[in-house]
Structure formats: structure tokens, C-alpha cells
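Here the chain labels run A, B, C and D in written order, and each chain numbers its own residues starting at 1.
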Amino acid sequence: MGTAFYIAAAVAILSTIMVITRYNIMHALLYFIVSLLSVAVVFYLYGAPFMAALEVIIYAGAIMVLIIFFVMMLSLGSQTAGDERSWMTPGVWIGPSILCIVLLGELVFLILQPAGPAGEVRVVEPKEVGLSLFGPYILAVELAGMLLMAGIVGAYHLGRQKKKIVHRFLETSES
Amino acid sequence: MINPTTAGLILAGILFILGLISMLIRRNIIFMLVSVEIMLNAAGLAFIVAASKWGQPEGQVMFMFILAMAAAEVSVGLALILQLYHQLKTLDSDEASRMRG
Amino acid sequence: MEWMYLVPALPFLGALLLILFSGKTGKAGVIAIGCGSIGIAALITIIAGWQFLQSGIPAYDQHLWEWLRVGDFSIGMNLRLDALSLAFTFVITFVGCLIHIYSTGYMADDPDFARFFACMNLFVGSMLMLVLADNLLLMYLGWEGVGLCSYLLIGFWYKDPENGAAARKAFIVTRVGDTAMAIALFLLVQHTGTLQLSVVLERVQTLWTSGDETVVWIAFLLLGGAVGKSAQLPLQTWLPDAMAGPTPVSALIHAATMVTAGVYLIARTNIIFNLAPAAQAAVAITGAVTLLLAGCSAWVQTDIKRVLAYSTISQIGYMFLALGVGAWSAAVFHFITHAFFKALLFLGAGAVIHALHHEQDMFRMGGLRKSLPGVFLVFLIGSLSLAAIPFISSGWYSKDQIIWLAGVTERGSSWYAWAAVLGAFITAAYTTRMMVLVFFGREQTHVHHKPGPEMMIPLYILAICSTLAGFLELPHTLGHFTWLSDFLAPVLPAPAVLHADVAAEWGLQAITAGLAALAIYLTWRLINAPFPKKAGAFLRSGWGFDAAYDVLFVQPFVRVARLNRKDIVDKIYTGLAAITRTFHRMMSSTQSGILRWYVLGVVMGAVLILSVIIWRHSL
Amino acid sequence: MILLAFILFPLIGAFLAWASAAVHASLPRWVALLVMLAGLILAAGIWIQPEPASIAGADWRYVYHQPWMPRFGISLSLAMDGLSLLMIVLTFFLGALAVLVSWDEIQDRTGFYFFNLLFVLGGIAGVFLVMDLFLFYFFWEVMLIPMYFLIGIWGHGHRLYAALKFFLFTQAGGLLMLLSILGLYFVHGASTGVYTFSYAELLQTPMAQSTGRWLMLGFMAAFLVKLPAFPFHTWLPDAHTEAPTAGSVILAGLLLKTGAYGILRFVLPLFPEASHAFGEWFMLMGAIGILYGGQLAYAQTDFKRLVAYTSVSHMGFVLVGAFAFNELAYQGVVMQMITHGISTGALFMIAGVLYERLHTRELEKMGGLWAALPGLGTITMVFVMASLGLPGLGNFIAEFLILAGSWQAYPWIAVLAAIGLVVATVYSLRIMQKVFFGISLKEFKLKDMSLREAVMLLPLVIVIIWLGLFPQRVIDTAAKGAPSVAFQNKDK
């Protein structure tokens, strides 16, 4: 495990911290892209070059850009940042942080438990991945395809600008 | 020196926890979506590390599924946020609490 | 004798008619039905009694119908006429008839005339059922029936809540005794398998020997029933309060007949008591103590009817004493004379009360000797009997027999005899006090209207009877005439006299007579002497029994009832409901709709699960 | 077939009554009354006619059997013996009176009201006749739900609370019974290979001691709640108080009897061993119920609530008698079921009559009514006396037999129960004092009983006196329906 990993890991952690502390959503998203890129480096270091490429292309490229465009479309200006500032008072941090650090401690403890022989990093070729994807996991692939399809349809349906629909339950509770 | 698997998993854990903290403290619903993405990504990292430890392709296969799911989730999630924003004129998730028991 | 069933049936029928046609028959109709049914019953009794005496059979049974039969256990609606029941039936119908006639005058102005006669008829019917029953269950029917009528008639003037309270007290206190009696019946059913009196008494003798535990229990429980009905210690408290009823009721029910039901019961089951010496001793002690305590209470009363009530308790104490020493026929003898003279006294008192517009306080009476000479005369005759003035009063013959036998029978003791003598002294004292206060001295309340013939004629008849009834039996000292005990002999065994000494009897009679005379003299002289206030109040309240029962039983019951009105058990279920509701609220409040809280829940769950894993791992 | 008629009469009548409401609002009353009278005549006819030869070696008078779901061993199996016959007569007698009671009281949605009323009665008739445990549970539920509506729709102030409480209590008990029925079904199937709900077959189920005891407790749960026994009685005062008069009459007169009937018909014969084992405890429970119910009855200020607690007290006698295991007590229990139905039903009717005149049930607001209502007072007196067990009235026979029988089993429990007689006197006389005696608070100008009220109360008076003086007819009939186990001495 070389220096490259530690640098990439440090960048990933730092940028993620930046993500969760920003008030401006644009800044946060850009930091998240940095985080994703460094995680892609880590993927590469763990012998998954194809996955690293996918991480960059789909996650950082497609998904993040989708969110960024979405944010831009809603044109959330400084008002949101102000909201964010007012919501994220230091007091809000304390409880969740303690809880999560406890959780992290437990995770680390479990990870550090000796389990099996410590192996070196082994490269798994994209070919192998492809073979097993379209071999034993073909059904899962189909399902993933259907999920994406459903995502498209759902997004289209929900995203349509139609006249304001108030759900009947919401309506009754309002009255 | 800790071995690569442990190091990778700890990194995944840290990233996941950071996402979780974000999830807990944010009220802006877009940020919450992003937090979910952070956590999904961390989970994917754990799979990759595991794949490299055992030298098996299954970990990477799982990552691909996570990727596909994240994509679908983001698209539907964003559409929902859009609707919510149109109806409530805010992104505060606490405002969308009318379906309480 | 075949018409015997009509004796109880006619009063019942009369009561039924009076209830069904209440208010539609007019006063004459009510009188015709009420008095007529009892009168005919009395006639039938006399005829049946005559036939019975002629036939010489020990008992006449009449089977009406089968009441209930479960397996081997069978109870018939059967009547049985024998010497004992004939004596009681005669007194009941005869005195009952006279009191009915008297009531037509006494109650003439009452708006509930018909109801009064319905209840009275019902009472006579039940009482006849009680004495004519051939089995204990049927006797129990009459037993409770007279209790009901007593309740109805004590509370006859229902508008006053105090009368209602007195009525309920009478019913409830006697019910306590009745329950004891019921348990005795269960024991008899269990061991003898029947309640038919003749069979029970037969089997009892083969099942147990004298003093066996079970038979003693049975006897004690029967005694419990008897003391309840006959107002003996410790259940005597209801009788003085029962005077709240109209005076004819007091005369008929609370003096002449119903209260002697206990005497009848014990006399009827004399074989059982014979087998249970402890219980029989308890009967005697109950009688002796009661006659003294009640006599003392009678001494200090101000209400004329309460004097008579306590005197009744005391006189029944004499009967119990007689029963307790095995002088069965003496008890019945005293019952007969007492029925006459006490009915006479009550009716006389009623005439006084009626004449003075319902004034019952003796200290507001006085001097009535002149304004009510007829009443004075009969009252005097009754009082002489009550005070047991030798030779000319029936009370003397019967009471003297008891006093004598209490000392000399096998189960007797000189203590009993002395208690009885002392009781005679007290009796003479309070009787004199009553006479003096009511009829002598200065007239304090003016007489409004004199009693009419329908009231006076029964009084005269009773006066004659209470003089003549004494001659049914004469003591050894006066020729030893024993017609009544001979007549009762098939049912009631003769007392086991240990040492019949005529000289001693003379002596006892002399002492008794002397004490009575002394009592009369002292009372006459000291009528206005001051009496210690506290002791007077204590005696007047009947030795504090009422207060004690109030604290011991009534108050706790009422208090618990009041506290627990809402039913504490329900709290378990409402508590359960409240807990469920609280859970519901807690669970429902977690569904706040705020997303972050849900996430927090997930996180906490994860922490928890991992903690468990680590904990198990580290084990 | 005649047995089917007893169930179908009320059920079909129920629908007819509902339908006839569309024609005229008062028509359902007549339909209901006719149906009930027809049933009563039929039942009385069976009772009067000489007994037919017993069927199948048992004491059955009539048997009707029709396979229904043979796959699960469920059949439409009806049978009538002396016990069922008496209960059926009582059902139709009180049912007819309940219709009369509701004549003027119910003016709202009469069709649906009489539909429910008749449906309850149909369910009760079913419970008394059915000899298949599956159908027994079915009818057990059938009588529950219309009763819920009767209380919940036509009741007084807190009717919804009372109805819900009634429903929850009885339903909880009923579900435990269902569990036990299923348990018995499978235990029987496992040991004999025959899976059946038939009562006759299940009678001889061999089972382990502990199994039998648990199953018996399941059955008892339903019956104790229904009876109701202390400490499961608390639904009763609420339900009785809030129900319309006819509802109270049916509740007290019939529904409670299904619990007692269940004990006699199912618990004792199906689980003789367990019944003997737990007998003393259940008797103690009954004795506590007698005293506790009496104590609480004394404390009440609401007329109907008071009467409701007297029911608790009186049904305690049933429990005491049922587990005494001898013929005296058994006959007493049957008598108590009938006489309690009549006397308590009558007291509820009287409460209803008073409510129609005074518009209150509070005892504190009554008093001195004798002057205005001597007729009603006389009748009340009869039933108050019945309730305290005056000899000459039916209740005395019942209580005497129960106590005499239970004395032979456990004397100390009989003593406790006998103390109940004193308590009964205390609370019963309180009714008379508070309602009819004492000073009247105001000058009541009330009319005494109307013809309709006389017609519904006088038969009850006659019957209660008849039962007190000539109980033999009932005893003879009931003897032909006694579960044989009831006579077994516990020593055997």
C-alpha cells in the first residue's frame, strides 16, 4: 500500500468533509466530485481500473452533473445558503457526530478483527467482471435494467409540470 | 503497517460515517440526497476492496449494480424533489412532515 | 281435619285477593276478606283440633303436592298437625283473628287500609305454614315469609325513612340468623338425606350419640336461627326498633306469634338439642342472660311500646331458659300465656296511643285510670300476668313452672333458677313503673277519642283468656294439674326432674311472690327517684349492642361500599387500557414525519446491533 | 328439522323485520313479536308433550345432523336435551318480552333495531342447540356483534364506551375459547386420526393431564367472562347500564346464561379431570363473586348498575354450583339460570318503566314512589324478594339447591356463599327503600302501569311464583339433560 493510496484517501476524506460542511450547494457538489475522483484513484489502486473509469464517467460525470443541472434549474440562490447557515448551528452537530463516531468506532473495531489471511492487492480484469455479469448474474443485470427503466419512467412522470396535485390525504389534513 | 484491505475498509467506513453525519444534520433535501450518494459510494468502495482481497469479480459486479441503482435513485429522487419544491416552495425536509402518524 | 290445608291457604288467598283488588273493594270488603279469612281459619282450627283430640292419633299428615325432588332428596308440600303445631296454630289463628278485628278500628283512618290487611293476612298465612310444615324446608318458607311480612309491616308507614331503617334492620338481623339455620339444613341434608322432620328426628338418633360434634354444630346453627327470629342475645337488637310499625303489628308479630318461632323451632327439634348438651346449655344461658338484660332495659324506657318490646325479649328469654333445661312443655305453656297477655298489653297500649293521638311517651301520659277505665282494667289484668302475681294471673303459673324447673331438672342449675327469680323481680318492677306512669298520677295529655267496641271487645276476650290460660297447668303445690304437658307429651318429652321437692317449690314460690311484692312496693315509692343518667342511657340503648354492631359490622360494610363504589377491579382493566393508550401515544409520536428522526432511528439501531455483535464477539 | 326452526325463525325474522321497516315503521315490532311468540309456542309445545323416546342412547329429545364441511369434520349438528329445551323456552319467553319492552322505547331505526334484537336471539338459540364446536364458536360470535350494535346505537350516555368494553371482553374470552377448540380438535385428531369438531366424538378425547387443563382454562376464559365471574365482571355493569332496556333484559336473562350453559355442556363433560382439579378454585371464585358483587351492588346509586352487580352476585352461585359435582347443585344451577333470567330481567324492565316516567336512573332522585305507583311497587317487591332468595319464589329453590349441593363438596365455600344471602338482603331492601319508600322529593303525578307494562311484567311474576312452588316440572326436565359427569363424585 503506497503513498498514492494515502494521498488519495486523505483527499477523499477532506473533500467529503468539505461537502458536508458547505452552505452553498454548488460548492458542496463540486467538492463531492473531487471526492469521487479520489475514490476512483483508490479503485484503481485496488486493481479495479474499469470500475475507476465507471466511477469517473457515470458518478462524477453523469450523476453529479445531473444534480448540478438540477440545482441550477431551480436557481437556488443565496437564500438557500442563508437557510443552510441558519439551520446548521454548532449545536446540531454534536448529537449526530457523537453517535456516528461511536458507530465508526464499532466499525473500525470490527474491521480490525483478524479475519483470514491478509492478501496482497489483486487485479481483477474487466473481462472477468464481464463474464460473471453476463454469466451467473444475468438475471440481476436484467433487474438492474428494469430498475433503470422504472427510474426513467418515474422521473418522467413525476417531473412533468402539471397542475398542482394535492394528495387527498394531505388535503383533508389541511382542512 | 496495516494491510491494504483493512485500510480500504476503514476509508470506506470513514466516508460512510461522514455521509451519515451529513444526512443527520442537513435539512435541505438536496443535501440529503447527496449524503445518500456519499454513503452509496462508500459502500461501493467496500465492495471493491473486498473484490481485490479475494480476487473475485463479484465485488465489482456489486459495485456496478450500486451504480445503476444510484443512477435510478437520483433520477427519481430529483423528480420527487422537484414536485416537493413546487408544492411546498421550500427544500426543508422537516416541512414535508405531514404524513406523520 | 281434611280441611286443614285451608288453615294456611285461606289467609294466603285473602292476601292475594286484597293485593289484586286493592282499592276496589272498599273498606267493608277489605274487612270482610281480611278478618273473614282469618276467622274461618280459626274456626277450622278449632274444629280440626277437636277432631284431633277425639281421634287420639299422635299426628295427622296431609300431603298436598310434591314440592321438589332431586334424585333421592325429596321435599313435599306436606302439612302435619300434632299437639305442638295445634297449640301454636290455635294461638296464631285465635289471637290473629282478635287482632284483625281490633285493627279494623285502629287502622280505620289509614289510607293504606287494604295493604295493611293484605300484609297481615300474608303474615298469618306464613306463620301457619311455619308451624304446620312437616319438613324443615317448608318451615323455612314460613320462617322467611314471616320475616318478609314483619319487614313490610314495620315499614308500613313508609314515608318516614326511620321506619324503613327499622324494617330493614329487622329483616337483615333475622336473616343473619336464618342463614345459620339454612346451614343447619345443609348439614341435615348431607347427613340424613332429607328434611322431613319426623324422618330427620328419627335418623338423628341413630346417626349420632349425645355430644357428637356434628349434631352439636347442627343444634348451635339451629339456635342461631332461633335467636334471630326470637330476638335473643346476640341478635335481639331489631325488636325494639320494630315498634315503628302500627301497634296491632307489634302485638301480633312482635309479641304474640312470630318472635316465638324460635321457641317453636327448638321445641320441634328437641331431639337434636337433647343430643347436644352444649347447645342446650347455650340455649339456657342465652335465655337467662337475655331475660335479665332485656328486663333491665325495659326498666328505663320512656316509650310505652319499647317497654313492652324489651319485656317481650325478656319473656322469650324465659321460654328459652325453659327449653334449655329441657322443660319443653313449660316453654310452650309460657308461650301460650304470654301470647295472650302480651297481645293484651300491646293492644291496650295501642288503645292508649290511639286515644292520645299517637303519643307514646309514658311521661306525657298519666291519670288515664279515669278517662279510659275499660282500658285500665284490661291493662291491669295484663300487667298482673306480666308481673306474675300469684294465683290470679296466668303469667304466674307459667313463669313459676319455668323458675321451678330451671333449678331441678337434669340440665338445669340453681343459677338458672336464681336468674329467673331475679328476672321476675325486675319484671314486676318495670311493669309497675309502666302502670303508674300511664294510669296513675296527674293527667297530662287529654284523651281525644275513646276506643270503639271493635277495639274493646278483643281486649276483653284477651283479658279473659290471659286469666284463664293459666289454669291449663297447675304446680305441684296447687293440685298438680298437667293437662297441657300431657297433651304435648307425644311431641315433647317430659322434663327430667331430679329432685321434686314440694316443700322447696313452696319456698321458691314464696320467695318469688315476696320479691314481686317488694318490687311493686319499691317502684311505687321510688317512682320519681332520680336514676344515674349515664347508666340510664346505657340501659335505654339496650346495653350498647346497637352501637357495637354499628361499629363492628355496619360501618365497615358501608365504608367499604362507599370507597369501592367505582369497583376497584375495573381499575385493572382501565389501567390496562391506559397503558395501551400510552404506548400508542409514544409509538405514534415517533412517527413525526421528520425524515431526520427516522434516520436517527436507523443509526441508533445500527449502533445497537453492532454493539450486540461486538459484545457477543468479545465473549 | 324442528331444531333448525328455532335458529332460523329469529334469523329469518330478523331480515323480515328489517325489510318490513320500509313499509311501515311500526311493522318490525309486530314481525318480531310474532316470530318470538311462534318460537315460544313451538318450544312450549315440545316441553308439554310427552317425552319422545331418547335417541342414540343419550337423553337427546331431537337430533339433527347434516354434514357441512366433511373435509374439516364440521357438520351442522343440532341436538336438544332437557337442558337445551329449558334454555330455548327461556330464550323465546324473554325474547318475546324484550320485544314488548322495546315497543315504545325504540322509535329510531326500528327496522335495524329489531333486526339486531332477533339476530342476537337467533345466535343465543344457536348456542343452546349446536353440538358442533366450530358452529358453537360461530354462534357465540353471532350473538356478540348485534349486541354490540344494540348497546352502541340505542344505548344511553356512555354507550360507545360500554359497547366497546363489552365487545373487547367477550371477544378476548371468545378467542381464547377458539384456541382451545382448535387445540382440542388437533389433540383429538392426533390421538385418534379423526379430525372432527363433533361434540359427541370429542367427548372421549384422551389427553395428557396438563393438556386437558390448559384447554379447559381456555374454554373457561370465555365462559367466565360471559358469566361473568369475579374478576372478569367489570364489563357487565357498564354494558347493562348503558344498554336499552331490552338489551339489558337479554344480556342479563340470556347472554349470561350462555356462559353457564357452556360450563355445564362443554367444560364439565369435555374435561372432567381438569374440572375436578380446579373445581375448588372456581367455586371459591364464585363465592368471592357473590360477596363482592353484593357489596358493590349495595354501593351503587344507579338503579340499573345496582341490578347489574346483583347479577354478578347471583351468577356467582352458578359458578359455585357448577363445580360442586352433585345432582343437587346441578339442578340448582339450572334453576338459578332460569330464575335469575326472570327476576333480573324483570328488575331491568322495572328500571326501564321507571326511566320512562322519571327520566332518571339515579336512586337518589327517586323515593316515595309507592304512593304514586302501588302496582309497580308490589311487583317490584316480588322481584326484590326473589333477588334476596325468599322461599316461595323460584330463586330460593335455586339457591337452596346450590348451597345444599356445594355444602357437600366444600362446606367452607358454601358458608361463604350463604353469607351472600345476608348481603343480598342488604342490597335488595335498599332498592325498595330508595325507590318506593321514604319521602318523595316532589309530588309525582305518574300513572301506574299501562296495559302493555302489565302484560310484560305479570307473566314474570306468575312464572317466578310458579317456579317457587312447583319447580318439579323444571327439575324433571333438566334431569334429562344432565351431563353425567356432573353427578360423579369427586372421590371416584
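Going forward, contacts are C-beta pairs under 8 Å (C-beta built on N, C-alpha and C of every residue); 3 or more make two chains touch, one makes a residue touch a chain.
This is a predicted model, so every value here is computed, not measured.
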Most widely separated chain from subunit D, with each centre as the mean of CA atoms: A
Hey, how far is the Cα centre of subunit A from the one of subunit B, in Å? 4
Subunit A to subunit C, mean C-alpha position gap in Å, rounds to 99
Roughly how many whole angstrom separate the Cα centroids of subunit B and subunit C? 94
Chain centre separation (subunit B, subunit D; CA means) in Å: 66
Could you check subunit B for residues that touch two or more other chains and list them? 20, 24-27, 98-99
Within subunit A, the set of residues that touch 2 or more other chains is 96, 99-100, 103, 107
What parts of subunit D, by residue number, touch at least two of the other chains? none
Chain pairs in mutual contact under the definition given at the outset: A-B, A-C, B-C, C-D
Per the touch rule, the subunit A residues reaching subunit B in their complex are 1, 5, 9, 12-13, 16-17, 19-20, 25, 28-29, 32, 35-36, 39, 42-43, 46-48, 50-51, 54-55, 58-59, 62-63, 66-67, 70-71, 74, 76, 80, 83-84, 87-88, 92-93, 95-97, 99-101, 103-104, 107-108, 111-112, 118-124, 128-129, 131-133, 137, 140, 144, 147-148, 150-152, 154-159, 161, 164, 166, 169-170, 173
Show me the residue ranges of subunit B that touch subunit A in the complex, using the header's touch definition. 1-11, 13-22, 24-28, 30-31, 33-35, 37-38, 41, 44-45, 48-49, 51-61, 63-65, 67-76, 78-83, 85-87, 91-92, 98-99
Per the touch rule above, subunit B residues touching subunit C in the complex are 20, 23-27, 32, 93-94, 96-101
Flag every residue of subunit D that touches subunit C in the complex, lowest number first. 165, 169, 230-231, 233-234, 237, 292, 295-296, 298-301, 327-328, 331, 368, 370, 374, 378, 381, 385, 388, 390-392, 396-397, 400-401, 403-404, 407-408, 411, 414-415, 418-419, 421-422, 425-426, 429-430, 433, 436-439, 469-472, 475, 479
Going by the contact rule at the top, pick out the subunit A residues touching subunit C in the complex. 96, 99-100, 102-103, 106-107, 109-110, 113
